[in-house]
Structures are given as structure tokens and as C-alpha cells.
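Chains here go by letter, A, B, C and D, matching the order in which they are written, and residues are numbered from 1 within each.
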Amino acid sequence: MVKVVDAPEGFEGQGFFATSLDTVIGMARANSLWPLPFATSCCGIEFMATMGANYDLARFGSERMSFSPRQADLLIVAGTISKKLGPVLKQVYDQMAEPKWVLSVGACASSGGIFDTYSVLQGIDHVIPVDVYVPGCPPRPEQIIEGVLKIQHLAKNESLRRRDSDEYRKMLETYNIETT
Amino acid sequence: MSTSSFLDKTIEGLNSKGFILEYTTDKYNEHNIVIDAKNALEVVQYLNAELGYNFLVDLTGSHYPDKENQEYQVVFHIQNLIENTRLRFKSNLSKNLMEFPSLTPVFSAANWMERETFDFFGIQFIGHPDLRRILNVDDMDYHPMRKEYALEDETRRDKNDTFFGR
Amino acid sequence: MDSSLLLEKTILVAILTLVTLGIAAYLTYGERKVAAFMQDRIGPNRAGVYGIFQPLADAGKLFFKEEFIPATAEKWLFILGPAVAMVTATITSAVIPWGTELPVLGRMVQLQVADVNIGVLYIMGIVSVGVYGIMIGGWASNNKYSLFGAIRASAQMISYELSMGLALIAVIMMSGTLSLGEIVAQQKGMNWNIFYQPLGFLIFFICALAETNRAPFDLPECETELIGGYHTEYSSMKLGFYLFSEYVNMFVSSALMATVYFGGYNFPGMDLIENQTILGIAQIAVMFSKILIFIFVFMWIRWTLPRFRYDQLMHLGWKSMIPLALFNMLATGAISLFFK
Amino acid sequence: MSELEVNKKYNVQVSTETIDGEIATLNLGPTHPATHGIFQNVLKVDGERILHAEQTVGYIHRAFEKLAERRPYNQITPITDRLNYCSSPINNLGWHMTVEKLIGAEMPKRVDYMRVIVMELSRIADHLVCNSVIGVDTGALTGFTYMFQEREKIYDLFEEICGARLTTNVGRIGGFDRDFSPEFYSKLKTFLKEFPKNFDEFGSLLERNRIFMDRTIGAGPISAERALNYSFAGPNLRAAGVDYDVRVMKPYSSYQDFDFNIPVGTEGDTYDRFMVRQQEIRESLKIIHQALDNMPSGDYYADIPSFYLPPKEEVYRSMEALIYHFKIVMGETPIPVGEVYHSVEGGNGELGYYLVSDGGRNPYRLHFRRPCFIYYQAYPEMIKGSLLSDAILTMSSMNVIAGELDA
């Protein structure tokens, strides 16, 4: 007869327990982050350099760029996002399949950068939730890789059920993104 | 033909047609010609057809809110590639009548330059095939390059201007 | 049919399926590594030693990704597409002879799942069904880019299948059989068909590139034009199936080329080996090394050449390949009529 | 171009007649992989044949011109970096030259030659991106990684000059902020030795590749007259057969001292544009060699103390330097009233600066003549009647840089 002990208080609920399946899938996700480069300007060129031979983002399993949002795991927003482009960015984020992460590369994407002007969105976090910000104008490829590594860390430690949780849904709702 | 004599010929030709309101060569050796806005298209047609000015370098506007009845200015550079001569034309517009003939019949390149100028200053280009905003969003309700408008978007929330020394 | 034969075949099918899938999975890794090698890069090296767990990571991720079916898509066809692609890709390998016989537990196991006497026809039939997977998927997505991809895929596959078949006919005329087992057996030693059919092989090779949607014929999914082509709307493992089926196809068509033109499991000095076990294993090894060489050539081409334009592809298919294949067929017929 | 001509030109027997309802509208962009940068083309296609195209730009409009009206002259350099970010140094130095023209400063020969080296290096970098991206868009991805390795070497050189890779902010009004270091010279020499070999390897991948030639010859052509009418400039105009190069027509920064050719094409199609850029890279190498061999001695800055920042050590030691430093940094130096137009040959053609000064610390009006913005409007005309694949190649071979397009 096995005696089942109740879980300690405060250690219950969806999306809390990290099982070994969580760990395995987390590792799989972390090592297979397919990026969707939303490269608009200068940072896009540095992102191209990151994909190039000297820096080789492929080492981290991220070289299969998928320009179709459905297939991407990581939205890399590199460059200035203007107000005209904001809705497009939001739609791309919306079209991505869960789980999805967002890497904001460069000062412009993160905060508007030096372009504190009427036409530039002062940071993409007005439109979509961002996981990791990479500073720099533009950041060096090493910094972009560091950002991807940070995303890998997030992916590794995320529970499988996190995306079903109420908190997550509420967070999306603050951005007016519909959840299904 | 040397450049200066070709230039003289150009100026003479323009003068004989009565297009030139004011002609100056400044210390940078650039040739400024002020023309009347309503003649602009004829001037360009004449230069293009008779004198071979075949390259519209640039077209833009500027705003001088302090100049009475000459608040806006359309500036365009035009170049003859063979004689290597570049002229700068200006014409002043009053804020009450911001109309300028479109140069698109002569230069296809003028299309977007004029749209940009319209977008920035609100200058109407008469005869333009498709005068819409080009760089800014369509539902923008002002022309941002006019001097009275601020650079920053004043509705933004997250920036505390005291930290930026404004 | 005795039950042990049934068991033997079932086990063989299971092994073959697993091996095919495993190889296809590792081909994705191989492709990344080959690409990295060609491009002076390192390629994946963080998932396990030298990144050997990369395919597992990709598969694990794809399985746990959100299943997404667009609201405007034709739901069942959308699901059917990748299924068809995957099934047709895997069942082709059934008729390929991997070796003659291997003694296992005292039984002589024939190293071919089914020695169908119309093996060549079977392959051509399955391959032509394979295009439906892409077509259905692309159409059902209800996306213009997908539709473009699907149209390109179907046009391309149908045109190149024709010359592929014509090239094969020349081989069949020489060997006088449709059974792949027979065709291989006839190429014993160094009596390979490539020496008699160099032009036919060239045609077949080009068509194989086109059939597997590999560069320079990767028009149905060319990334820079059609984003993802027919699989633009697919996420999760349905996408995985499409990507996978491409690699399975590549493996199978390499196997077919090795079988039909390069003597399959045959290698010179085969008769010197007396021991059946060693011989069987050696045959399998030879077969696989031939396949791997072909696969490397596939990848080599992909990372070197630019791709064709749609109309150029059709021109090449209809105006060059088919006349050449017809000429090859006629020449083979004439020669075998006069000299044999 | 009439519909009949369309058919003749491409020798493809597809009827251009369509039944209503069979024309599809295809959105090429804003996030299409072939739009390197963000802009949109709305295509009307019949099958894969393009009947009509219309572009929407402005997706990364950043209000450069308005921004420039709020900044002192020295602080405008970082904005120019972000115009054509593939070749920032040309933009920077072009801006410095514009201001120098306004204030009437004479540059020592050495500054000119140093500038020429930097500008030609960045021209190489610019063309490398464009040409390798044409390769990517045809499906040959390998050349891209080869050429990005070379680009990294150019980045290294830039880092040696100014400390930054991409947005270099190189030099300042009145010269350079420091002399080229010995490491720069040794690195440059290694680069000049190794680059031609690697570049030829890239060239051999594509230049005479049958598939590549078939793809690009006749794709997106434009005649010389139309190109001029559209005010094309730079490699795109030269590909159409007009040998207009600002470096020769209106020499700046002592370009008249150098001996180089202007490569021109004949058809103005994608292949010509590709080849013109390839040749220009080789010409640029020639110019760099000449500049390096004939580098004059002297100062790396002009003698204009009221505009050129004094060295930091001087600021700590001498009163005069401190005053100048303060005045320059605070934007208190008197700027002459006037207006100038200065243009340089940027990566994409004539990059012009129209500067109006009212004597204040900021420009009264600064307009950038952005070659991309001007020639991209010809895109619908160039791709009309061609296939979707051609349209994509045409777009990448025009080298439309979004930063320059939208300003």
C-alpha cells in the first residue's frame, strides 16, 4: 500500500512542477530555436553577420531561418520599428505558433534608440511582449548571440504548461493579443 | 563647350523667356535661380528639351514661417550630365496658395520626391498622378516637417523629458 | 506463407522503417554539417558532442509545438497532405535490395522486403502519388504562396517523372526485367549499368534532384521567393513530416540510383568472400556507402548552385531532358537489337 | 512597354490577356524574406506573371530630416550612419565634407587620401552585401558566407580606425579624430593581399555560372533613357550604360588624383548590375592601392580650430583648447549663413546633402538626396511582365536599403 503524501502548500497548480519531460523538451526547444528575423535596418545587417561564417549562429541550432511565422520559435526584431510597422509586427507575432519567444535586438527595437521622433515606436514592448533585450546601436554579433543564449536559458527552464496558464493569458491580454 | 559658357547660354535662354526672377552665384559656386512657381513646369520642359538638362537631382521643400507670403519654398536641383552643369531652382510659395506644378510629365523621378515633399510640408503638386503620403501613415493629420510641429511624439508616455534635458 | 517468413518480413520492415527514419533524421544533421563545411562554418555543435543530438532536439521541439490549422484552411486535407508525403516517401524503400542474403539464426534472410517482379513500376507509381502530398498540402493551406508552391511542385514533378521513366526504360530494355532484385543481380562484380548508360544516369540523376525538390530545383519551397512554398502555413510536426519526407525521398532516390546504375550491393571481388555473414554485411555496407556518397553529392550541389526559374525549369524538362531520354532509349534499343 | 513587347522580350509564350477574377493580388512584404529591410510591394499577378506592382514604403521612416534640425552639426554624423548602413563611412564623410564646404575649410591632402581609403573600403563592403544577397536570392547561399567573412575583415579595419563596426561615426568635421594606426596599415595590407583571391573565388561561383546567368540576364531591365528619367544613380545607372559617377564628374576629396575606370553595362538588367558592382569592387581596390602608395605626409586634420575638436590632452593643458572644446561641444561656433548642396558617390549612387544654414547651432534645413528612395520608384516599371522570381532578383540587385529608402 502506497501512501500518497499531499504536495506541500504553495507547490501546487498548473505549470509549476518541472518534470523530467519538461526538462527534456526544454532542452530540445532550447537547442532548436528557429529564428524569424524581423530585420528592418542596421541591426539586420549585424544579424546577417551573426548568421555568417565568423559568428555562426548555427552552432546553437538556430540556423534554419524560417520566414514563415508559423514555423518560427524566436522572433528576432532587429532594427527600428516605426508606428506604421507596429501593426505588422503584432500580426507576425500573432501568427507565430506557441511556444514563441521575442528577442529585441538593438536600441531602436528596445526603446526607440536615438530616434525619439514622431514616427518611431518607442520600444516594441508597446506592441508585443519581449523576452530578452539586447542593447547596442547596433549590438555586436557576440551580443546578439548572448541574447539568443539568454532565450535558450528561458526555453530550457520553462514548464510545458506555462503557456496555458492564466498569468500568461492575462499578460497577452494586456497587449490586446487574442488568446485561443 | 566649356561649362561656364554653357551656363551663360542657359541663363540667357531662361532670361529671354522671362523665367528668372533672381539669379545669384554664391561663394560655393552654386547657381541659384529663383523662379515663379507657375512657370516651373515650363522652365523644366525648356531646360530638358532645349538644353539637355536630363537629370533631376533632387526636389524638396523648406519652411520659413517668418517670411511673409513666402513661407514655403520648393527647391530643386537639376543637372546636365553632358555639360556637367548643376542649377538650383527655388520658388517661394505663400501659405495661402501652396501650389506647385508637378514635374512628373518631364521627370518620372519627381513622383516620389513630390510625394515626400507633400508628406512633409503639405505642398500641393498640381498634376501629380497620385499625390498621397508616402513615408508617414495615411491617417496622419499634419505635415511634420513644418517648423511649428515638435520632433517628438508628444503622446508618448514612457519617456521622462526631465532626464533628457529638454 | 509460413509464419516464420511473415515474422522475418515484419522484422525487416520494422528495421527498414526505423533505419530510413533514423537516416533521414540524421540527414538533416548531415546537411547542416555539410553546409557548414562548404561555408567555412562550424554548424550545430551545442546539442551533444558535435551536435549529434540536433535532430532529436528538432524533433522534440516540433512535437511539442502548437498545432496550428488556419481558420480558412481545408482542415482534413491540411492534415492529409503531410501524411501522404510521409507515407509515400517511406514505403518506396520496400523494393530496394540491400544485399543478397544474410544468415540470421540459421535462416537465410533475404535482404529485400519484397522482391516484386515489377519493382521499377512500383517505385514510379509511388513517386507519382508522392506529389499529391505537396499538392494537397499547398492547396489546402489557402495561402497564395502555398498555392504557388503546390502548382510549381506538381508541374515540376510531372514533367520530370516522364524523363525519369524514360531513362529507366533504357535500363529495363538492357536488363529485360522490371524486378530491382534481378537488375542488381545482373550487375555482378563491376558490370555496372553506369558504363552502359552514362547518359541515362545523368538524366536520371537530374530528374532525381527535381523529384526530391532539391536545389537547383527547389522551386516549390524556395525560401526567398515563396517564403516556405507549400509548407508556409504548416507548423509543428506536420511541417516536420514535410521536411522529413524530403530527406527520406533523398535517401530512397540515392538508393535507387545506387541500385539501378551503380550495381547496388555489388562490389568487385565479391566472389572471394566465402563467409555468408561477412558477405551479407559487406554488401549492406557497400550499398550504404554508395547511398551516402550520392547524398553528399546532393548536398554539394544544393550548397553550390543557384536555382532555376520556373519557366527555365520547364524548358529544361520538356525541351532537353525528354528528347535526350527518348534518344537514349532509342539508341539503347537499336544497339541491343543489333549487337545482342 | 506594351504587352506585345513583354512577350517578345522574354520569349515566353504566355498570354497576357486575363479573365477578370483570375488575377491574384500578392503581397510581397512587408516581411517577405526577399525584402531585405522592410518595404511592401503589392503585386497583381496572373499565374506567376506580374501585371502590375505598387510599392508602399515608409515602414521605417525615422524622421532624419526633422531630427537633423534639432542637432548641432557634429551630432548629425550618427544619423547619417543609419542612412545606408551598409556603407556608413561614406555617409559620415559626405556629411563632414558638406559642412566643410559650408564653412569653407580646406582639407590637407592627407585627410583626402585617408578619406578615400575609408570610402573605398566601405564601397567594397556595400557592394559585397548586395552581390552576395543576389546570390542568396537565386538560391546560392554559400557565396554569402564567403563574402561576409571578407566583410568582417573590413569591419576589423573600421574598428582599427574608429572603434566601431557598422555604424562607424568615423572622422569629424575637419578631418579624422586620430591618425591611422600602424596596425591598420598592416591589416589593410593583408586584406589587400588576401581579398582579391577570395573575391575571385566568389566571382567564379556566380559570374560565369550558367544557371545564374540564365536567371539574371534579361531580368528587370531598364533602358538608359528611362533610368536617367528616373534619376537613377550609381551602379544601377551605370549598368544601364550611363557613365555618371560623382567621383569623376564633381570630384571631391581629391578623387581627381586617382586613376580608375567606371564600369558600365549595356542592358541595365540584373546581370549587368551584378557585374558592374563586381567590377567596381576591383576598381575600388585599385584606388586603395594608389592612395596607400601615394599617401602624403602631414596632419590628419585641417587647421580650423573653431570647428575641429582639439586633442584631449591639449584641453587639459591649454586655455585656448579648452575654450574651443567648450564652444564646439556646446555648438557655439559661428557657422556661416548659406546653403550648399554637396554630393558624394555612395554605395548606391549620388548621395546628396542639401544644407541650409541660418547661422544657428543646428542646420535650418537638411535634406538628404537618398539614391534608393529615388530609384526604387522605377521598380514596377522594371518588373512589369516578368515572372515572380525575376521580380525578386530585380529587387535585390537594385540594392534597396530600407534605412536609406525611408530616412
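In this text, a contact is a pair of C-beta atoms (placed from the backbone, for glycine too) under 8 Å apart; a residue touches a chain by one contact, two chains touch by 3 or more.
Please read these numbers as outputs of a predicted model, since none were measured by experiment.
Peer 1: Looking only at C-beta pairs in contact, point me to the busier pair out of B-D and C-D.
Peer 2: Comparing B-D with C-D, the pair joined by more C-beta contacts is B-D.
Peer 1: Could you state the distance in Å from the CA-based centre of subunit B to that of subunit D?
Peer 2: The separation of the two C-alpha centroids amounts to 24 Å.
Peer 1: Centroid from C-alpha atoms only, then distance subunit A to subunit B, rounded to Å. What do you get?
Peer 2: 45
Peer 1: Starting from the mean Cα coordinates of subunit A and subunit D, work out the distance between those two points in Å.
Peer 2: A distance of 32 Å separates the two centres.
Peer 1: Residues of subunit B that contact two or more other chains, please.
Peer 2: 135-137, 144, 151
Peer 1: Residues of subunit C that contact two or more other chains, please.
Peer 2: Subunit C, residues with two or more chain partners: 39-41, 223, 227.
Peer 1: Where in subunit A do residues touch two or more other chains at once?
Peer 2: 53, 65, 67, 84, 117-119
Peer 1: Let me know each pair of chains that touch one another.
Peer 2: All chain pairs meeting the touch criterion are A-B, A-C, A-D, B-D, C-D.
Peer 1: Write out the stretch or stretches of subunit A touching subunit B in their complex.
Peer 2: 83-84, 116-119, 122-123
Peer 1: Once bound in the complex, which stretches of subunit A touch subunit C?
Peer 2: Listed in rising order, the residues of subunit A that touch subunit C are 24-25, 27-32, 53, 56, 58-61, 63, 65-68, 70-71, 73, 97-99, 160.
Peer 1: List the residues on subunit D that touch subunit C in their complex, please.
Peer 2: Touching subunit C from subunit D are residues 12, 24, 26, 32-34, 48, 135-142, 145-146, 149, 205-206, 209, 211-212, 214-215, 387-390, 392.
Peer 1: How about subunit D: which of its residues touch subunit B in the complex?
Peer 2: 57-58, 61, 63, 65-67, 69-70, 101-102, 104, 226, 228-231, 242, 244, 249-250, 338-341, 343, 350, 352, 354, 356, 364-365, 367, 369, 373-378, 406-407
Peer 1: Within their complex, state which residues of subunit A touch subunit D.
Peer 2: 38-42, 44-46, 48-49, 52-54, 65, 67, 79-82, 84-85, 88, 92, 114-115, 117-120, 137-138, 140
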